[in-house]
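Shared between the two complexes below is subunit A, which has subunit B as its partner in the first and subunit C in the second.
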Partner chain A sequence: MLSFALRRIGVGLVLTLVMTFITFWLLSFSFESIVSSRLGQAATPESIAAVKVQLGFDRPLMVQYGEWLWNVLHGDFGVSLFTQEPVSGAVFARLGVTLSVVLPALIISTLSAVVLGVFAASRAGAADKITQGIMLVGHFVPGLLVAIALVVVFAVNLGWLPATGFTPFSEDPGLWLASVVIPVTVLSIGGAANIASQVRGSMIDELRKDYVRTLRTRGIPTNSIILRHALRNSAGPALTVFSLEFLAMFGSALIIEQVFALPGFGTFSFNSALIGDIPVIMGLAVFGTLMTITVNLLADLGIGWLNPKARVY
Partner chain B sequence: MQQNKTIGTFSRRQVVAGMLATTAFALTACSPKGGAASRVAKKQDLSISIMQQPGSLDPVALSEGSDSFLWSSIYDTLLLTSAEGKIVPNAAKSFDYSKDGKTLTLTLREGLLFSNGKVPTSKDVKFSLERIKTTPGPGQFQALNIASVDAPDDATVVIKLTTPDPNLLRYLTARCGIISDAATARDASTKLNPVGSGPYTLDTAKTTAGATYVLKRRDDYWGAATFPFANVTLKVMADTTAVENALRSGQIDVSTIAPTSQESFKKQNFTFTKLDVTSVFQLLIADRAGTIQPALADLRVRKAINMAFDRDAIGKSALAGLGTPTSQLFFPFFPGSVKKLDSLYPHDPEGARKLLAEAGYANGFDVKMPSLVYTPTFEPLITQALADIGIRVTWNPIPPQETSKAITSASYPMILWVDGVSPGATIINSHFTPKGYLNPFHVEDPRLAPLVAESAITIDPDRQAAIYEKINTFAVENAWDAPLAFNGQLFAAAPGYKYVGTSPMNLSSLRVFAVAA
Partner chain C sequence: MSNDTATEQSALPAAKGRTPLWKKLLKDPQSSIAGGVIFIIVLLGVLAPWITGHGPNTVRLESINSPFNSPGYPLGTDQYGRDIWSRLLHSINTSSITAVISTTIAIGIGSVFGLVGGYFDRLRGITEWVFALIMTFPGMLVLILLLPITGGDFRITMAIFGVMLSPGIYRIVRNQVVGVKSELYIDAARVSGVSTIRILVRHVFSAVRGPVIIAAAFMAGSAISIQAGLAFLGVGSKETPSFGAMINDGFRNLYIDPLQYIWPSLLLGIINAALVLFGNALRDAMQGAQPKPAKIGQKVDAKAGAAGQNKISTVGKPSGNEGVPFLEVTDLVIAYPRPDGSLNDVVHGVNLRIEAAETLGLVGESGSGKTQTAFAILGVLPPEAVVRSGSIRVGGRELIGMTETDLRRIRGKQIAYIPQEPMSNLDPVYTVGAQLVEGIRAATGVSARAAKERALSLLARVGIPEPIRTFGAYPHQISGGMAQRVLIAGAVASNPKLLIADEPTTALDVTVQAEILDLLRDLQEELGMAVLLVTHNFGVVADICSRISVMHGGQIVETGDVFDVFREPQHEYTQKLLNAILDETSHRKDPPVETLELAGGAKR
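Right after this comes the complex of A and B.
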């Protein structure tokens, strides 16, 4: 397992290197536009050329990329072209906000998905149909609509929860909880529906297998068969969806962050791309790629741990 | 059956009880934040929203717009735009032009103090002006005509110009007029937490970059009495729905709102202020010499374009009732505006089609326009109005960071554009000079050029107004562009607060907020 993990980490690092170079190469086509936008109405050929020299954009691409890479290897991701914030600190701060929403949402989604999926698969009949109906609603109700409705009820009318903003856990756990309740609820609805469908399908497959019939004939309680055997064996596909859902939630967090004015990873990425903040975009490319690789690796290790037959190492 | 009544090792009742307990904890932890109640307690504080994270606070890199809320609170400027929009003394207690308009003498007021305890002198002003002039950046053009800056004594600043500059006083109310501390301005800390002589300092302990910026009033500021709020919080909110929800729930105290939301805010006893003109919505006919679209060189075609639009309907619907129809670019409260020009081109698609036919374009023509970050909402309206007279528009999507390049590249004969409120000299400079930012095809006209040249060196207000009016009249009568409507803004203030700004020149200053009686 260790050699598998090391191999995957090695491949991941190469992938990160390739990703960052492609990102930098693509950005290089916009260097002049970025400088021009930064100067606004003061942009003249002379001022654009001067700022390009000031920022080092006049040098060969490989020299610029090599310098960036060297600095990154020494822990220096540079500073934002626009705000002058150190990139690594800014990315970690935004990552913390998004994880504060995504992780609880993922946990709630997973727990409710397991309950719904197992319930639907083991009961079948009307219970299954009702549960599938709930999943369909979760799939198709737009998160944005739910978000707006919850804000109107709980923030504007009742005043129980803040309509916008984020309080770090370290500052005030109570206010932190208040600031993430609605965003987490909104993200959990779609996430639970996606994972529950997968759990239900896998559980139905498992419950039809011969070993389940054998266990039943030996008098093992149904509850034990479902939770100790079938659920464990069906967890592989669900875990794959779980890892994809984690990454999808990061993607969809942008909308939630905009609606709730959360200073998270999605908004930061979006705004940085809009203004062409090259050091920040490069930093986000590194962290985004590493996060994807880590989540996929953990999912593979988790699947192997749950079901030795499914091990890819 | 047993499995029907248990989930794992817990009974169903235990699970339900657990869920209820968790919900109860969540709700009790979330203490009520009702708007009105909490507002009474924090009357000394003000919270407002800003559209985007402010950029660097280094004076040579400052952006205007909503960033100004932050930097205009930290830095003092030599001059000031009053709530009524007039240029008045500020850190400079007086200012005086020489007769030839090439020397401006300013006298600094007593009582100025940097946040590090040092007293600003004319040497700091000299340093600041020279630095902005020699450092490439968004504000560099404002110091373009400055030849030299002298500091004969600690309180006197003498600015010598290469040519009279009608814009200079206005620039000295903005980033060009900032007094930096010469000893610390080049420090890295200037970009994030600078030394300034303004009414507030940044409370870095309570500030979260990208989310919340907290300003703390300086009691040692010479004009502290004009700033009623001891603490001001700027919250970054890009989404208008989030802004209105924050306003309703008491997280912010004053904001612009959509007119359609006004009724619901009335129920919460908000007060409202409407500024009728804060920008001008226009169709730039950039290729008026017909370089890439020959049709646009014909005055009849440009007039037809102007006649294609129902400006009343645009003001009422597309601009949500905040639009005032116009055919001119000059703002009504600045010299150069000519009232009768507002209605020079009534909506007349039939007449427009006739003009196009007379010009040899009975079958219309095709035109390519850039689809910019703010244009998609208006694109169907523009496409339809022009299609009605036979002009077929294709919109090319432009990534936001390419906006500036798209405008200046001379690739688009027409551009949908919004000018923020600007005095006549700025409009002339950007639209009508050959090197103007909004004149990408560098079009000149022998009838206009002498007027533009004279306006650039005239500082006598009466003479200046007369020249501006001639330029404006020429531009409208020759349909150089197709201005459509002035756009306004509606402000809503929560009980206990009021919006006191009366001029759009002061939109991003804390001076426009006050405590309600």
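Right after this comes the complex of A and C.
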């Protein structure tokens, strides 16, 4: 298992290298426009050329990438081209905001998904119809619409919650809660629907298997059969969906943060990408890749832990 | 195929015949309504140039914010004086193209590589690597980053998004393939000489297409939402009419005219809903009724059950337990629903008696209803099965109509069960020991330590050479014969009075079969339990049974002492069965028991 994890981490580091190079290469097409937008109205061909030299953009691509990589390996992610803010500090500052939305959303959606999925799968009839209805609504109403609807109702009309903005937890936990409750709700609805339908589907499959019948003939309580046996057997596929959902939430956070004006990872990425802040984008690429690799590794280890037969290591 | 239980069960739904997929979809209200809605919406989009009076981007500053139902503008105009009706219909086309591009690319890439990576272990390393790479692209960020290269064209953007969605399909397909591959039937197909490509295409594809299709419906929805989201953020050409851009315009104009926000939101919501509902209906149609959940417990026809109870109160309530057989099954009728909802009887009024400590052989061909009868006694019939009438009494207690909770107290202690296929009857995620301990504790309520000791001594008793090692092993780490011994250990763990063994040797090697039968006979004598042995093998019956019941077409056609029935079969069907065996081997002079066993083995 350790060698599996180490191998995966090794592969992950190579992936990060490839990813960052591709990002850098793609960015190199827009160096010209980035420089001119940095200079603004005053840009002349001469001044653009001068700034390109000053920033080192005139050198061969591999040299520039090599220099960036060398610095990163020494813990230096550079500074923002526009704000002079150190990249690593800036990324982690924004990450806190996003995680304080994504993590609660993930916990809420997973818990409610397991409850909904198990409930629907183990009770036929009306209970299943109702939970399926809830899941469907969660699926087909785009998060963007839910977000705006909730803002209109709870922030604009009722005035119970702030429409936009973010208060750090350390400043005022009450205000923090108020500022994240709508974004968390929006993310949770979609996430719960996705995970719940997976849990329901695989629970139904498991409950029809031979071993469930044999367990019943041994006098084992129904609850134990559902929760200890069937749920654990169906947790593998659910974990795959869970890891996809976690990463998808970082994507959805981009839109959600824009709607709610949360100064998070998504907003930061969007703004940096629009203005072409190369060191920041590169830092974000490294972080995004590492996060994806970590989540996938944990999901695979989790699936193996849950189901000895599916151990890939 | 020796899998009697499986064929017996699968024969039931197969009887309904195959209806073409499109017919099923048309018949089902969910799929026809959702599909119809999608069709109408797409059609409206296609017809947009002919059924709208204005171009989607035609700005008319003299008529900004016209209300609903203005002349020439059925839904009014936005803050630039653009026709909302026209923009809405043209946005449909943007969404249709988005969905088609993204899902086609995602499914194409994901399923091809999922099949390859899942099936060929050696290639999996590479495909995993590539898809981990694709997955690592921070989706939205890349789409935004590529703006200078895509030029904001949503078609290129959504093609890239399709590539980014493909790991989702890849993972579903790969996981299914790895799972299906380890199922026994693929081995069977390979052994019988079916080529690898055919295995991939036929067996694996049919197993994965359902999940892929449902994922595709959701992906179409999420691609449409992502495109709307990007347009909402202002990424992409302003010339492309899109729900996202309209929602953004409407959001900014919310206080002046909320309808401008509601129209695109509503249509976007309807499209997503229809896609998801259609995907679900399509999945149900393709995979049959299989994904329907069911409450654990046996279904009893309320009316017939009451009638059965009445019959019992008049016929069978003799005073005292003297003379009452340990198990008495009377007029048992089991039915399965047909597709049209009516019930189809598969067991027609079975009568069975087993005295204490007696071994009864229940013999019959596949589909004769013997396994259904056994399941009914245990109260573990499949959820769709209905007990229409009859009575099952164990030690004088009526089991039909008993709640699952009450049945649980009888199972394990009173009646126990040995299945046919050992591997699929052990939970793959717990060790052999953990499963034995759980069963012992559920039936007897002893401490975990005592249960462990009991489990270890049972494992030794059933002939497992290294009980401690097997105790800690997972089911996939032990052989079929060992697994069957483990299941026997689990069944006899709490000294049941009746053991129901459903073809306990069918799935095993011939040498192991004899050992398992010996073990069953020894345990039967040692524990003094009654045994109901379900089998199609006369050799097995002759070997260990004292009485025999022959089952045919859902009915018991003959019951009697084993020697009597073998010597002078009364029923035509029994004669036919016995002749079929004896004809093959009549030239041999071996004692009947061995001959029969060989013949029985050969019959499979």
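In this text, the second predicted complex is superposed on the first by the 313 of 313 C-alpha atoms of A that agree within 3 Å, B and C clash if a C-alpha of one lies under 4 Å from a C-alpha of the other, contacts with A are read in each partner's own complex, and residues count from 1 in each chain.
The rule we apply is simple: a contact is a pair of C-beta atoms (placed from the backbone, for glycine too) under 8 Å apart; a residue touches a chain by one contact, two chains touch by 3 or more.
Note that the coordinates shown come from a computational prediction; the quantities given were computed from them, not determined experimentally.
Superposition of the two structures on subunit A shows subunit C clashing with subunit B. When the two complexes are overlaid on their common chain A, residue A:Gln258 makes contact with subunit B and with subunit C alike. Contacts of A:Pro221 after superposition on the shared chain: both subunit B and subunit C are touched. When the two structures are aligned on the shared chain, A:Phe250 is found in touch with subunit C, with no touch to subunit B.
In the superposition on chain A, A:Ser33 makes contact with both subunit B and subunit C. Once chain A of one complex is fitted onto chain A of the other, the partner contacts of A:Leu145 are limited to subunit C, with no touch recorded for subunit B. With both complexes placed on chain A, subunit A has more residues touched by C than by the other of subunit B and subunit C. By the touch criterion stated above, A:Gly174 is placed in contact with subunit B alone, subunit C being left untouched. Legend: residue contacts after superposition of the two complexes on their common chain; A:Asn233 is shown touching subunit C, with no touch to subunit B.
Aligning on the C-alpha atoms of chain A brings subunit C into conflict with subunit B at a single listed stretch, 60-68, out of 24-32, 60-68 or 168-176. Under the contact criterion defined above, the residues of subunit A that touch both subunit B in one complex and subunit C in the other are 30, 33, 122, 148, 152, 221-222, 226, 258, 274. Touching subunit A in their complex are the following residues of subunit B: 1-3, 6-8, 26-27, 29-35, 49, 52-56, 58, 63, 136-141, 188, 191-192, 208-212, 235-239, 241-242, 245-246, 248-251, 373, 399-405, 408, 430, 435, 437. Every residue of subunit A that touches subunit C in the complex is listed here, in rising order: 11-12, 15-16, 18-19, 23, 26-27, 29-30, 33, 120-125, 128, 136, 139-145, 148, 152, 194, 200-201, 203-205, 207-211, 213-222, 224-226, 228-229, 232-233, 236-237, 240, 244, 247-248, 250-251, 254-255, 258, 266, 269-270, 273-274, 281, 284-285, 288-289, 292-293, 296, 306-310. Interface of subunit C with subunit A (complex): residues 129, 132-133, 135-141, 144-149, 168, 171, 175, 178-179, 182, 218, 221, 225, 228-229, 232-233, 244, 247, 251, 254, 261, 265, 268-269, 272-277, 280, 290-297, 375, 378-380, 382-383, 404-405, 408-413, 415-417, 419, 421, 424-430, 435, 438-439, 442-443, 474, 476, 487, 490-491, 493-494. Those residues of subunit A whose C-beta lies close enough to touch subunit B in the complex are 30, 32-34, 36-44, 47, 50-51, 54, 82-85, 90, 93-94, 115, 122, 148, 151-152, 155-156, 158-166, 168, 173-174, 177-178, 181, 221-223, 226-227, 258-263, 267-268, 271, 274-276.
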